[in-house]
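The two complexes that follow have subunit A in common; it is paired with subunit B in the first and with subunit C in the second.
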Partner chain A sequence: MILTRNRLGLFRFVLYGHAVLVMAFLLLPIIFIALLSFGSSRWMMFPPPEWTLRWYEELATDPRWAEAMWLSLRLALIVTVLSVLLGGAAAFALVRGRFAGRRVLKAFFVAPMIVPVVIVAIALYAFSLKVGLNGTFAGFVAGHLIIAVPFSVICISNSLRGFDPALEQAAAICGAGRLETLRRVTIPSIAPGLLAAAVFSFLASWDEVVVSIFMASPQLQTLPVRMWTSLRSDLTPVIAAASTLLVLASLILMALLGLSATRAGRSKMQ
Partner chain B sequence: MNAAATSGTFREARAAWPAIAFLFVFFALPVGALMLRSVTDPQWGLQNFSDLLATGTYARVLFNTFLVAAVVTLMSLLIGYPLAWLLVMLPARWQQVLLAILLMSMWTSLLARTYAWLVLLQKTGVINRILLSVGVIDAPLPLVNNLTGVVIGMTYIMLPFVVLPLRATLATLDPALMHAGAVCGASPWRLFRSVLLPLSLPGIGAAGLMVFVMSLGYYVTPALLGGTGNMMLAELIAQTVQSFLNWGLGAAAALVLLCATLALYALHMRYLDEDA
Partner chain C sequence: MKMDTPLPAVRLMDLHKRYGDFAAVDGVSLDVRKGEFLTFLGSSGSGKTTTLNMIAGFDDPTSGQILLNGGAVTGLPPQKRNIGMVFQRYTLFPHMTVAENVGFPLSVRRLSKDEVNSRVLDALRLVQLDRFAGRRPSQLSGGQQQRVALARALVYEPQLLLMDEPLGALDKKLREEIQIEIRKLHHRLGVTILYVTHDQEEALRMSDRIAVFEHGRIVQVGSGEDLYHCPATAFVAGFIGNSNFLRGSVAERRSDAAIVKLGENSAVCVPVDAVGGVGSEVRIMIRPEEIKLSHALSDAAGAVIPVTVRERIFLGDTISYEVATRDGQSVLVREDRARNQGRCVGPGTDAYMHIAINQNRVYKKY
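Showing the complex of A and B:
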């Protein structure tokens, strides 16, 4: 503790008040949108005159919205699997391998996080126009995977660094083959890292806007792209309903991650 | 290292190839090709860059971009620092609650949060209605479709990126220094100014640089909350390419953004190294 709060005298109440305001600043907009998505007013009057599920109904039945949601979900799941596989393998090489240029490789893997996403998006757009990937499912997968892989590499590398390879050798001595060691020793030990990689990869894809705007065609739009295009014409409450779904997905996944972290912490203490 | 172990590590190094190949084909190559277009499209030469700097509109976009990034950085540091300070003083339980809120906000859909501000800040939005009914203002304030909206929205989004690293820096400082100051009778303000602030300057620099870099290249929030008259660089790049099909000029602007980003990021890494 840098300074016991009591020593700060009355000033600490200034800090408390500030913290409460900032938390409200962070939370209120999200809560506000969730409330509005159940409000009956098309013009988003607040407080809403009546409560309704109408906007969710429209989201589920209007084919433009429903298809976008379905595409986003399929995309996020495929990207998650590919990202954990590619990123996981790369993390193994980075943590275990002893080859020249490892630092450069590490920088290369996180580069997509540093390069502004709009540059990634138009670079991939130009490339896709040339090779005919634009407006295709494969194009979306490639675009989202660029954004997701760095998260997997980082999460799984961190997890692997805390894992003692001697355990693998022990398994090998006991007669386990390479695959069996991987399946029964390594993967269970780095499970929290794998879960974090999966969650962040899923969210990175589920919420991706910029690359998707350029990749989309009128026939193939993800949920954020659909939101983006309708945002530019009007502020219909269907967008609020879609936003609430996006928020809900991140809430559930983050809670899952938090839960697994607490459990991992507890089992380590025992 | 014996021969078996060496061949083992080589096998493990090979595991990185799929990811390398993927990122090379879909990321490095396209970005490189785009950068090349800044000097080859429509013909070889630097005319795209001279267009970019000579035209008043583009110069203004560059100015806007750096101005917004600087204001957002300053605002998020001013709001974030006291929070980070409080975070390291709170009991673990409360720390965890506040951290959870920060992380949740950070990982909640960017588009959903930007949309929320679009609704909140509009002329008939809640904020204007409250201000009107309280009587602070007589006519709705133009809070959105201008730089005010961009700064509010971006500060909101960048806040966790300031608080989390600042908290990490503050947590490593030796509490004895502050205690010593307090025992000697320094007021909280004096303690902050002569002990805490100087010690946390590297952390402030690192967090501020990070946010500045991220703000420079931001697209979604400025595009939605900003107006047509005050674009930022990322938006200009997207529009030049998508609407005007002027790939050369768009690529030149992208190159400027990429260079600024990489230079500031390198500076940020040096800060972190010195810190460690």
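Showing the complex of A and C:
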């Protein structure tokens, strides 16, 4: 390799410095928010004069925040399940199917990732006003699915492409019917892709804000929407606490994904 | 009174498989006896895999019938055919251990845990891999993986074992080792085996009978010796063993025999129904080890053709010559070193090639 560390000489310290700066740029705002969420100042003074868990308590007890959190969680879980099911079915058709227009269909499934979210949101808003989905739980589910399904289609397609269908033939000749083959051979073999699809779908819904703002009603607000509205009305450190929780949930899920990827990588290497 | 013949393990009746207007399998009929080791031999694309896949139930024939133990299996899915199969590609389930892989067909059949465990162990002992029961497929070499696949295919004691170039991805030495292992297993278990290969040596080494495939058809079925000594077509002759084809033309047709001219001043007698009309071209196949070279004309039966020795290669137990006839045809000759001793036919010298024409190896065209 040309770019081995040892050959770089002193220049490598420039690289180290650069890496540290980039990381600081990415991480500092998050760390800053996390610190503020534990600070006692109502006006989010920095550095915090004292430490407290008050804002977390308020987050959990204030019904408006608690409801928003509960809604976000339920929504993210349902969207995750539906996204993996629908995206998985689509991925099977796109990878295994031999029909005309397969490429067009694939582009179609991935399109919500490319089209600006705000356009999707406005279109969805106009449409759901017509059919009365606005401000309903089902409307949220539908909106978030549009954002989440492309992740599932991509993740599951990729792992399906790496899966040799001859394994299914082998299972069949061993005596396994279609369902048993699916359950015991196909799904375990593409499990890393399914997990990635689930994590990305969850996160896509969990921190979705644009579609949610259009879809929300005063009674039905997800956590990010609640943060957005309270940011404009009453700036409070509860927002910092909520942000910290959002980030924490994302971190845990990404760590989970990383762990399964290294495990899968290791068992492949051996 | 008709003799009571046992049912064939597999009967293929005029099997066809078409893709569009291309016939991948074009009228295959064959009986495979119970307990037989029968090999499909043919070059790549000749329809071996397609035929095997139809027997396994992965593909439906366009027309024709498949009988297993006398019963038609049309429309029966692979999982209901009770057939074992080893594929060319490695098809162990990557997320299961070796033992779980071998136990898979048994757990599908809802056998008890104890029974599964003991039969898995037996099967792994059969292929000498019981020490690897806890490993993952990715921790095994290619040869070991195929042996596990073999154990998985045998563990439920299927009536029929299909093997589609199972050793294709292995190196020569390992291949020969596992060939012998499979052969021994066949003797021991008495299972009917349908084996696919494009390697004639592998086919000769392992099979009771060989079915030679060409363009989606079986051109000849027989033991290795049958095919070697009496190849039905020039294709079979060229496919199995080393061979020379001497070109000649029909000079005369009589009622009992035809005279074929080889070169300018040699002629041989061949069966008249093996050749076309006067002037038409004929190929005569001669194995390299059936040719004798000498400086002197002998009066042995057969034909004598003057040649020039181009090359002499010492190969230990045999000596191989490349000689050319007067009309420029190149011929490979192989002589035993023991037989050859004392006579030295060196390169560049003129010699006579003595051949005995085998009446069964005269072909109208190549």
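To be clear about the criterion, the second predicted complex is superposed on the first by the 257 of 270 C-alpha atoms of A that agree within 3 Å, B and C clash if a C-alpha of one lies under 4 Å from a C-alpha of the other, contacts with A are read in each partner's own complex, and residues count from 1 in each chain.
Here is the rule we use: contacts are C-beta pairs under 8 Å (C-beta built on N, C-alpha and C of every residue); 3 or more make two chains touch, one makes a residue touch a chain.
All figures in this text were calculated on a predicted structure; none of them were measured in a lab.
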Superposed partners subunit B and subunit C on subunit A - clash or fit: fit
Contacts of A:138 with subunit B and subunit C, given as first, second, both or neither: neither
First (subunit B), second (subunit C), both or neither touched by A:256: neither
Contacts of A:46 with subunit B and subunit C, given as first, second, both or neither: first
Once both complexes are placed on the shared chain, angle at subunit A toward subunit B and subunit C, C-alpha, multiple of 10 degrees: 100
Partner chain in contact with A:129 - subunit B first, subunit C second, else both or neither: neither
Which superposed partner A:20 touches (first subunit B, second subunit C, both, neither): neither
Subunit B versus subunit C, judged by how many residues of subunit A each one touches: B
Contacts of A:176 with subunit B and subunit C, given as first, second, both or neither: second
Subunit B and subunit C, minimum CA distance [Å, superposed model]: 5
Those residues of subunit A which subunit B touches in one complex and subunit C touches in the other: none
Touching residues on subunit A, where the partner in the complex is subunit B: 1-5, 7-9, 11, 14-16, 18-19, 22-23, 25-27, 29-30, 32-33, 36, 43-44, 46, 85-87, 89-90, 92-94, 96-99, 105, 108-109, 111-112, 114-127, 142-143, 145-146, 149, 153, 203, 206-207, 209-210, 214, 224, 227-228, 231, 235, 239-240, 242-244, 246-247, 250-251, 254, 258
Residues of subunit C that touch subunit A when the two form their complex: 56-58, 77-79, 81-85, 87, 89, 91, 93-95, 104-105, 108-109, 136, 138-139, 149, 152-153, 156
Contact footprint of subunit C on subunit A as seen in their complex: 164, 166-167, 169-177, 180, 184-185, 188-189, 191, 267-270
Subunit B residues touching subunit A - in the complex, by the definition given at the top: 1, 9-10, 12-16, 18-20, 22-23, 26-31, 33-34, 37, 79, 82-83, 85-86, 88-90, 98, 100-105, 107-113, 115-120, 122, 124, 126, 129, 156, 159-160, 170-171, 173, 175, 178-179, 182, 188-189, 191, 196, 216-220, 224, 234, 237-238, 241-242, 247, 250, 254, 257-258, 261-262, 265
